[in-house]
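A single structure is presented below for examination.
Naming follows writing order (A, B, C and D), and every chain is counted from residue 1.
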Amino acid sequence: MIDAMPPIDVDARVIANVRLGHGYSVLALEAPAVGEQTAPGQFVMIKATPGTDPLLRRPFSVFEVLRDASGAVTAISILNKIAGRSTRLLYDLEPGDRVQCLGPLGRSFTVVGAPQQAWMVAGGVGLAPFATLAEALARAGTPATLFYGARTGGELFYLDYFERLGVTLALATEDGSRGARGRVTTPLEAALARLGGPGMAMVQACGPEPMLEAVARLAARHGQPSEVSVERTMGCGLGGCYSCVVPVKQGAEPPHFVRSCIAGPVFDGAGLVWD
Amino acid sequence: MIDAMPPIDVDARVIANVRLGHGYSVLALEAPAVGEQTAPGQFVMIKATPGTDPLLRRPFSVFEVLRDASGAVTAISILNKIAGRSTRLLYDLEPGDRVQCLGPLGRSFTVVGAPQQAWMVAGGVGLAPFATLAEALARAGTPATLFYGARTGGELFYLDYFERLGVTLALATEDGSRGARGRVTTPLEAALARLGGPGMAMVQACGPEPMLEAVARLAARHGQPSEVSVERTMGCGLGGCYSCVVPVKQGAEPPHFVRSCIAGPVFDGAGLVWD
Amino acid sequence: MDLSVRIGTLELPTPLIAASGCFGYGLEYDEVVDLASLGGVAVKGLFLAEREGHPPERIVETPSGMLNAIGLQGIGVHRFVREKLPALRARGARTIVNICGSTLDEYVEVAKVLTDADGVSALELNISCPNIKEGGIQFGCSLTGTHDVTSAVRKATHLPVIPKLTPNVTDVASFARAAEDAGADAVSLVNTFLAMAIDVETRRPKLSNVLGGLSGPAIRPIAVRMVWECRQAVKIPVIGMGGIMDARDALEFILAGATAVQIGTANFVDPFVWGKIRDGLVAYLDRHGIARIADLVGALDTTPRKAVHA
Amino acid sequence: MDLSVRIGTLELPTPLIAASGCFGYGLEYDEVVDLASLGGVAVKGLFLAEREGHPPERIVETPSGMLNAIGLQGIGVHRFVREKLPALRARGARTIVNICGSTLDEYVEVAKVLTDADGVSALELNISCPNIKEGGIQFGCSLTGTHDVTSAVRKATHLPVIPKLTPNVTDVASFARAAEDAGADAVSLVNTFLAMAIDVETRRPKLSNVLGGLSGPAIRPIAVRMVWECRQAVKIPVIGMGGIMDARDALEFILAGATAVQIGTANFVDPFVWGKIRDGLVAYLDRHGIARIADLVGALDTTPRKAVHA
């Protein structure tokens, strides 16, 4: 599904920047016009500082769309994890600072409806697109499960947020400190095996690419559709630079490089070619 | 006079940044080790932000050396005037921010003693080196006068500071809103004419180069020694790059380019060659 | 305030042109920019056939710049004419097609297809892509090669022909001269600087192609110098580019001798940069009481200042 | 952890050398750096006679870089030997003298004076200064010129001879080859990129010399590429430089093939950078379990990654 509205660029004031630990923070940006248009899984391109070093914006999923008591959109937030220079700069921002925020961009997740279930599969910071998806699913009354994996229990965030929305949680940690020990694909595979029949669950994943590949294969093997949100280095986010391509199947022909910023970041899991 | 101690580089916390208006601010930096060593007229090289844009440090006179009740040095301040990117970044700093501060650097003003008088001549932000010089003169019991010119009365700062030190003030503004109308050289010339004889006053100037030239010529014409602090673009502040040169007389030979960061910024006014 | 400039027979409403490879096929930006309001749109480099380009990583950021090794992924000239050109024409864009070739004949073939098509304003000859062996760089780094491609395409089309020069040469002005002698209507420069970046932790190149092209503000001072050299070497218009981020940067190129400028990397950083630069140019003309931006082309004053001393 | 490297007969305790023109005559930094702890000190370029250099403005900042047109102000080789060399020797500095000439004979003359002097570790031939007409660039931009200066100086001295190459050429590797053929013990690169900056408000160049040389992080990706190209072209050691700000940057050059590196602009930004980079190199060797930094020279792995798809 494509968002119809043109993206806008907001000189957004930082409203809050809550450090969650483990290099994660939730950065709230005063960009209501972006939030109003955002569909689950869409992203924004953010420039943390003016000047030319760092030069390029960085892509971030819209995490929350924040509303006031009246329900009017006041801001968006991103779930930021320190990976390098810009994410470090974002982590260090304080209320009152400003960033450039361009969006919403890209294709969003499908919001399926009952009786089909929505199974969200998140690895680490891949949780980001699912907060808004869970809200949309709740509004649609679609039964939803979140399979959520991290290195350790301390890196599992916003669990209450999803519980409040009636989302069933299936957790996994590599150190076994919370939920099943191992990868998130472990509980996912078990659940898929228990599932009645094909097409009963739409499996929607975001996280490291090896995880996306595993999830897509598992879903296919169990006859379930899947959507995966890929993370490729993005120079522009608008289709201008061809930096963000992923190989996509096209029938008999050899796979074809497709720009994930406009054809994605959300793709049909069955359509992607994995290494 | 050369400061004997090697310069040090301090990752200095911003203690305060008082905006004075007209693009001026007084930025207090927690760099006591620099302050303890600073002689009047010396400067520091400051990098306002990490990263490579802007790349180079910028030179600033040490304005105040700040002390606690016990008299121990706690910080230095600079009188910052917005001229471009780095001075803008410094103007926008808030307490808690950090800057790299290297110093003290360069040759300082001579602290003359009675019966000789010290005549300080400041144009605009050229006031900066005279706060510490006035203190040193007060300690030495040297009669001191500050000739201080600016575009308008609102740009004459820290007058009470100098009065408290017993400095006689002779002000000039181009719009006549405060003190004599016109350039600071107007009251200076009048005073030089009234002065008893040669050598009675050491004229010490800092400000735009045309002013420095005028002051040096006036002092010479009236048989008074002068010292001027020049402002040239500085890449390093330590004698490494040869960017900051000024032409200096050397007897019969043609004038010679001298590095103002180590041979200056304070020079004998009679020794410089003016355009 | 008159921002219009002429490139040969081509009349542009503003000197601001989208740089090839930094603006897709133009239509990607339909939502954020009025394509007709730009001086022109240089589309992604096209060969005769479709190309997949290099595998990721295709770009990496460097200090005040970026490296790219896209490898000229593209839909080929035939699909371009069928699928993109009509829409570009409909929007009133002045479309400059950046053409590539593995052989001299391919350049000519591509040029012919575009000449027969409707809605192409000019041909920019990409003889300077540093990222693929057969990307024409073998032409762009030799004077005869530059001359031969230019005159061959010149003979094949009535459209304005604009060879795009590589900065990876000792004397770029001689290449501008070779292009002019071969009948070019203008030259554009600079393409990217051949460069590389290494991930020291993995000890591998950051780009799958090992080498990439450096663009962005980092290269601007070199690009301005090269435009200035070309301005003095040829009579035909020079189109300047390399790290233009704002109106001040654009004016640097114009004063150095660029009749028009192209903007690439800046469009990634801010797709709304076009209006900002346009407004900045108008404000500058206003502030300096200049009626036509064309009067600023090459207006750099290099007469020595009063000597500091004898 | 062994940081030592060899440049021909020269044994350096670390690969970190102060770049010429960015460290005065070394003694300016006596207070902030232990000169003996550096791999070497390349002093400001010297002609036979004293030179006044260009009038200000001599430098201007650009995005992640700076332009300089100092014009090789200097005290001349005779005063250098009298006034600076003894103190450098006393401090145990490994002094690399960057020599300039307006003619081939002048290079030879300067080389002889330094060969007879006591305390010179090597001669770096500055055939690449972009800022003065007679600064040897006419040698540095021609293969025969590079060969001739190198072999002439080679014959005149037993000291290691290190031609310093300009990046303002089409094929820098061929210049490295010419230097090697002429008997150079090593090559160093890059010198600065010819560039310019314009003050658009006054419409004048920002530098009195109009043109200047670009240095700093902006040029690093191009410089790393050139070092990599030279590494593959010659057997003699390559000394790399261009925008090194930290240990990571230094390692990029070393992995690309630099046996030693020079640091210029970074020393302006932070005169205490030397200890920081040294510590960073040690930490890297430690982290990767490598005993000798020499083992990393040219260790870049360019074997293609697993293809993204067939």
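Definition applied: a residue touches a chain if its C-beta (ideal position, glycine included) is under 8 Å from a C-beta of that chain, and two chains touch if they have at least 3 such contacts.
Keep in mind that this is a model prediction, so the values were computed, not measured.
Colleague: Looking at the contacts, which chains touch chain A and chain C alike?
Modeller: A chain counts here if it touches both chain A and chain C, which gives B, D.
Colleague: Could you quickly compare B-D and A-D and let me know which has more C-beta contacts?
Modeller: Greater number of contacting C-beta pairs: B-D.
Colleague: What's the chain with its C-alpha centre farthest out from chain D?
Modeller: A
Colleague: Measuring from the mean C-alpha position of chain B to the mean C-alpha position of chain D, what distance in angstrom results?
Modeller: Roughly 36 Å, centre to centre.
Colleague: Taking the mean of the C-alpha atoms as each chain's centre, how many Å separate chain A from chain B?
Modeller: 55
Colleague: Between chain C and chain D, what's the gap in Å when you average each chain's C-alpha atoms?
Modeller: That pair's centroid distance is 33 Å.
Colleague: Using CA atom averages as chain centres, what separation in Å is found between chain A and chain D?
Modeller: It comes to 48 Å between the two C-alpha centres.
Colleague: Find every residue in chain B that makes contact with two or more other chains and list them.
Modeller: 52-54
Colleague: Could you pull out the residues of chain C that touch at least 2 other chains?
Modeller: 56, 63-65, 216-218, 307-309
Colleague: How would one label the connectivity among the chains shown: line, ring, star, complete, or other?
Modeller: If you draw each chain as a dot and join those that touch, every dot ends up joined to every other.
Colleague: Which residues of chain D touch chain B in the complex?
Modeller: The contact residues of chain D facing chain B are 21-24, 28-29, 31-32, 44, 52-53, 56-61, 63-66, 68, 70, 73, 216-218, 245, 265, 267-272.
Colleague: Which residues of chain D touch chain C in the complex?
Modeller: Listed in rising order, the residues of chain D that touch chain C are 55-56, 62-65, 67, 141, 168-170, 193-198, 200, 202-205, 208, 210-212, 214, 216-222, 224-225, 228, 243, 248, 251-252, 255-256, 284, 299-302, 304-305, 307-309.
Colleague: Across the complex, what residues on chain A touch chain B?
Modeller: Its residues touching chain B are 51-54.
Colleague: Would you mind writing out the residues of chain D in touch with chain A in their complex?
Modeller: It comes out as residues 63-64, 217, 306-310.
Colleague: Note which residues of chain A are touching chain D in the complex, please.
Modeller: Residue positions touching the partner: 52-53, 247, 254-255, 273, 275.
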